[in-house]
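Structure in structure tokens, see below.
Every chain is named by a letter (A, B, C and D) in the order it is written, and numbering of its residues begins at 1.
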Amino acid sequence: MKKRYATPAFLAAGVALSLGLSACGGGGGGETKNDSGSAAGSQEAQANAGLESVVNPSDKKGGTLKMAITEAWDSIDPGDTYYGLSWNFSRIYGRPLVTYKPAPGQGGRELVPDLAESLGKSSDDGKTWTYKLRQGVKFEDGTPITSKDVKYAVLRQLDKDTFVNGPTYFNDWLDLPKDFKSVYKTPDVNTDSAIETPDDQTIVFHLKKAFSGFDNFAALPATVPVPKDKDTGIKYRQHPVASGPYMFEKVEEGKQYTLVRNPNWDQATDPIRKALPDRYEVSLGVEANDLDNRIVAGDLHVDLAGTGVQAAAVGTIQADPQLKNRTDNPTGSRTWYISILGDNPPLDNVDCRKAIIYGADRVGLQNAYGGQLAGEIATGLMPPSIGGWKKLDLYPTATGDVEKAKAALQACGKPEGFETVMTFRSDRPKEQAAAESLQQALAKVGIKLTLKGFPTSEYFSSYAGKPAYTKANNIGLATNGWSADWNTGFGFMSQIVDSRVVRAAGNYNLSVRSDEIDSLIDQANSEQDKSKSDAIWGQIDQKVMEGAYVLPEVWSKGLLLRGKGLTNVFVSGAWDMYDYLNMGVE
Amino acid sequence: MVSYIIRRLIAAVLMLVVVSIVTFSIFFVIPRLAGVTTIDFASRYVGSKGASAETVAAIADKLGFNDPLVVQYGRWIKGIVLGAEYDTGASVEHCPAPCLGYSFITKTPVWPELLDRLPVTVSLAIGASIIWLIAGVATGVVSALRRGSFFDRAAMGVALAGVSLPIFFTGIICLVFFSYRFGITAPGGSYTAITENPGEWAYDLILPWITLAFLYAASYARLTRAGMLETMGEDYIRTARAKGLPESKVIVKHGLRGALTPILTIFGLDLGLLLGGAVLTESTFSLPGLGKYAVQAIQSNDLPKIMGVVLLVTLFVVLANLIVDLLYAVVDPRVRLG
Amino acid sequence: MSAPLDVSGEEMRAEPEAVAKAGGAPIQGRSLGQIAWMRLKRDKVAITGGLVVVLLILVAIFAPLLVGWFGHPPNEFHQEMIDTLTMQPKGGSGIGKDFLFGVEPVNGRDLFSRVVYGARISLLVAFFATLLSVVIGTVMGIVAGYFGGWVDTLISRAMDIFLAFPLLVFALSLVGVLGQFETQLAVKGDTLRILLLIFVIGFFNWPYIGRIIRGQTLSLREREFVDAARSLGARGPYILFREVLPNLIAPILIYATLLIPTNVLFEAALSFLGVGIQPPTATWGGMLSAAVKYYTVPHFMFFPGMAIFITVLAFNLFGDGLRDALDPKSSR
Amino acid sequence: MSFLELKDLRIHFPTDDGLVRSVDGLSFSLERGRTLGIVGESGSGKSVTSLGILGLHKGGRARISGEIWLDGEELVGASQEHVRRLRGKKMAMIFQDPLSAMHPFYTVGDQIIEAYRIHNDVSKKVARKHAVDMLGRVGIPQPDRRVDSYPHEFSGGMRQRAMIAMALSCDPELLIADEPTTALDVTVQAQILDLMRDLQRDFDAALIIITHDLGVVAELSDDILVMYGGKCVEYGTSEDIFERPEHPYTWGLLGSMPRLDREPTERLLPIKGSPPSLINVPSGCAFHPRCVFEERTGGLAKVEVPELLESEGGHLVRCHLPAERRRAIWQKEVKPNLEAS
């Protein structure tokens, strides 16, 4: 009886109030200790146990792993998806050339070969990358997987007006022949200049210019092999062909996905996967509060989104030690920040930009995003999980420094402040709260903000990401957020600090305009020594802050809740959510 | 009679055309006037981290945003009548009539999606309407007959409160209590097809039904009461009594018959609108029906979906109107169609 | 969503002659207005409703004063009231003499003053939207009913089409779409949004009044005094506005009063669905939708919800009373 | 005791605006086969009286006192159910506006059949046949076809005939016709009146005709009762009222009585003003504000309510003027004017 679960005990708190809104009790209290509850057989694991260790390690196979998510994500077609959760999840049915090691914390950021026998071999100073495929890997229908399938998979997803969702790294970096449009429009064009497949096990990538971090490209779901004869363009999402241990049994778009074991997957070819459950059930469009309640109650194992529980649940979890023990609170590789646009005066002046950073109530902003459990006050644009990160201390991170702000205003010749407009995504309450907080804080130093909300669907395409609009409407501040495609400086920064990627509309780099930074980016990319290139990225982060191009708000954290009866639960450093590759159920 | 129906049907079609034109203008013409470019249109469809300007331009072309508006509208209508083609990249698929367009966001034709959402809304509407008709009319009749009594005053008080409560308020409260607190009803967002499991179906919908029905029952009680009071004051009721007809018969056969006919009209319209999606109810209980669909479509700016759902909704209202008129002619001999 | 207008307790229907007398015969020389007022005064419920309405209006007007005395500025943050772990008010709601209705989660804004300020938007929009509907509806209705013929057909069709529109869906999209004009327009921010709401809501509701007025006009058209005026050579417009309109005052008044609460709900619905006034400006519907996420701190949804409820109820009560007073035998 | 007898009948309605004394102490009696005409302006309480007799003042809102004796049964105190059984069977009513008085949704036939079957346990077929007969009897052409048509498909006169047919379907002993002809045009009026006279003869029923128009009752009634402000002001035989009327109000009515030889609009003794409010009835004689001869009572009319006194041979009059004064005024002042025209 799926929905008739016992009433989540923790809700009593809230309702105690709803029966005659008396004060006291419930919600608040934060650290309230209450050991009476912890007796009843709950996991002995403590809070945050999953951050550095594996909770409930087990190799027991069998059972059904139930996942759920509030909204359907872009696509399950490995060539057409850009969600971390999807990159994480897709590995149970698709095998990229390389992938992130299923290990807790830092370990999870390490790349290990998957479909390939080893990590990429670079030659020609990083412009050519070669991979050898494992022997005996088969598609769900039993046909052996060759390098041709990988090549086809990579090429097909270059067709961005068909596969609009996925990243464009291969488009930008592969050395494609001019006359190549897409595998559909120009099937006969020879593409060996970009990708060669000398034999069925070997695949060779040729780049326009050197790039040391290519293995991260190879880890993209885009390299999950796709059999040409099964490719139905965008309809492929209706049944992606499995190369991993599980294959789709049923795909109901927007409703449910069910996966069962792939008979043609062979453990021998796959050193990293445990493939424990017999079956996966993923329900989509589950109401958010209900989803939390069901995980608490044990009807669900995992919130696939991996971004943490709803506000309502946070309070009640804090009030219940047993529940608290089931939580992990990782810091993600996502930064919520506010772009400070230099297009319109007076913000073209670095000191006026600084005034905003000084004036901001950093704690208020943190609270807006959900408080200390939901975010760590960010000192820079780059999150700590990114290679080369170093702690910056250019600005105070307290509740706003009026004196410094006023001083900065003096310096930029606006002693009594100025007016500007701030945009946010109207369908994102947290961004709204943050905007409201900043409005309050800056008012104290004489900077008057007008808030404007826009729907996410048009935010970057028609408003904040469209210079013509921001210039015309005196947009000085734009709420923004970014998460790493993978945990390197390049994976996080390239799209949001390189002024050369700026186009007419749909920009994500709203404010960083600096030749100095641009040239540093080129250095970092061509630098073969990882640690060195990492260092450069750290330097870029510093430059961004010195230029006061952005006001970083928080490095997002999520309060993740471990489902009852889950085995092998741990937070992967690659996604900063539970690693979906090797979870099992008791 | 037949000619009347035909004329009405023609009128209905015209109405749909007008509505579709208005909808089209709202979403395609007005934004243009506001300075939204075809590129902007297209870039709404580009994934979370963008694509090159060429790609966006290509999409704008592919979706025909650059054609003259008339052509775009014509193409849309043509799709409804004759069906249309859309490009999956690998192949060109046919979307059979009535093809209400193809959503570039979810990569699906709109029509099947609407058909998919329809049962939810229908279940919601039908279920609720049955409850409110019974409850509302019964209450109304009793109140009218016991006019001024305690029951009357109490019932009318509750009814007035009922029509004054926003459903998204009552809905949430009901959810919090009955679902999250006591766990006796399904939580928001649950729906099971009746074909799958009738029990679950009812269990999932009972709360939305009651919340929605309460709102309407309230107003129907008020209407019925008013209608009854009026009819019971008619001369022909006096005649019926003068004949020596037993009161029960007077009420049922002469009173109700007269009082319920106007309510029939209102019911028809309400049901029509409701079938078009109880936007608020579905949003409150996050039911995957037409109403929620419409809201999501609007929020994600998914033009084909918006056009489709609006048209379907209007269709329901128009049909409801037609059916009501026909029924009316059956119930009230004075109404002659033609 | 509209609360259908209904008839209620009309006096003494069974004894028409008696009614003729009871309803003030010329002998007592009471004008209809006076009688209506007499009846209204006798209707305790309606009067209560009326008083509440007046109270609400005062609250809206003097919101700043009220907040000054009993609260804190509506957009002022009170982080000190918030538990930084749960982001919920300390002690659950924060209700106390300092914060009469408690505080919002996350930023600790004073719920009391936000509800009070919410009344402004709600009433402002409701009133003017109603006014708009009434004006359009009356003119259209009179014209259609008086001239009949193709004019009537045209207008009636127009009304049908409007009534067939999925109101909420259209309003939703319109507010969004029209918002895109902000760059071109002189008015900006809240002013623009409020005007937008007034326009959208008012513009979609006129057919309801229009239909009623049309009907009334149709019947009036046949009355002697109109013929008289006509026979005296009065021209269309004159008759319309000097002879017909005065006789429509009663119905217009009634349905206007009953349309206001409908519009209050409409506005609330729109802000609940996230279109309408921009933050941080407080609206009841907006607060409600925000409160859904925090259902474990029920005071957050309780106060705005009740505000809507009480407002709508008060208007409905008053409207009903007014109708009963003005024309006992009214029916839709 | 006679077949129908009212003793000091009072019907009052408490309303928000005050107590409405629609009928205030009315008494009369009527035998089988005889006809009583109750005359008065609208609001004089005549219809209320008739409804009172049939016990149609429902819902406790009417305060009824006094006695109504029908064929030896007291009706005021009797149970709703009991009176209900008598209704339609023993006493039937013909209403003013047949269009609104018949249910628009049912065929004329159905409504007659219904009336018949309430009181006669017969099959639909039989009842239907009876209905057709009745329709035929009241002079409706092709009754077997018309029986299935709806009221709105009938002409005014036809409708009224149908009403009569319905009323007579259970051959009642008391028939009350409330303004049976007001809704009809003059020629049809005549037909209907003739019809009613014939039918009454056949059925040997007691007939009460309620009207504001003396002309209607002139040739039909044996007795005539003139009501004003809920009270009887003059009561006598048809001859008394037409030949020797003694109440100024009656004179007014006579004066305003339409006659073929006179323009219906012109009035000799117009009754100025309009009927009194039944809530606060004028002090003294309710008619005095409108009475031409009021001052001749020496102000008495203003203060004192006149008694209903016998003037001669059962002819009752409610007036402060002494009988001989009244006769004199009638003979010298009023009558000549009436004839002069």
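The criterion applied here is as follows: a residue touches a chain if its C-beta (ideal position, glycine included) is under 8 Å from a C-beta of that chain, and two chains touch if they have at least 3 such contacts.
As the structure is a computational prediction, the values presented were derived from the model and not from experiment.
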Core chain by centroid distance, with centroids computed from Cα atoms only:
B
Select the chain at the greatest separation from subunit C, using centres from the mean of Cα atoms.
D
Once you find the CA centre of subunit A and the CA centre of subunit B, what distance in Å lies between them?
39
Starting from the mean Cα coordinates of subunit C and subunit D, work out the distance between those two points in Å.
50
What whole-Å value do you get for the distance between subunit A and subunit C if each is reduced to the mean of its CA atoms?
46
Could you put a whole-Å number on the gap between the CA centroids of subunit A and subunit D?
91
Residues of subunit A touching 2+ other chains?
11, 14-15, 18, 289, 427, 455, 462
At least two other chains touched by the same residue of subunit D: list those residues.
58-59
Could you pull out the residues of subunit C that touch at least 2 other chains?
14, 176, 180, 183, 274, 295, 298
Parts of subunit C lying in touch with subunit A, wherever the complex brings them together
75-77, 79, 82-96, 102, 105-107, 176, 180, 182-183, 188-189, 274, 278-280, 290, 293-299, 302
Contacts from subunit D onto subunit B in the complex sit at residues 51, 54, 56, 58-59, 84-89, 92-93, 95-97, 100-105, 114-115, 118-119, 150, 152, 166-167
Report the residues of subunit A in contact with subunit B in the complex, numbered from low to high.
3-8, 11-12, 14-15, 18, 74-75, 82-83, 156, 159-168, 171, 182, 184, 231-237, 253-254, 285-287, 289-290, 293, 427, 455, 457-458, 460-462, 465-466, 495, 503-508
Give the list of subunit B residues in touch with subunit A in this complex.
36, 39-40, 43-53, 55-56, 58-59, 62, 87-91, 93, 104, 106-108, 176-177, 180-183, 186-190, 203-204, 286, 288, 299-301
In the complex formed with subunit C, which residues of subunit A make contact?
11, 13-15, 17-18, 21, 23-31, 288-289, 310-312, 314-316, 318, 363-364, 367-368, 370-374, 426-427, 429, 432-433, 435-437, 439-440, 450-453, 455, 462, 469, 472-473
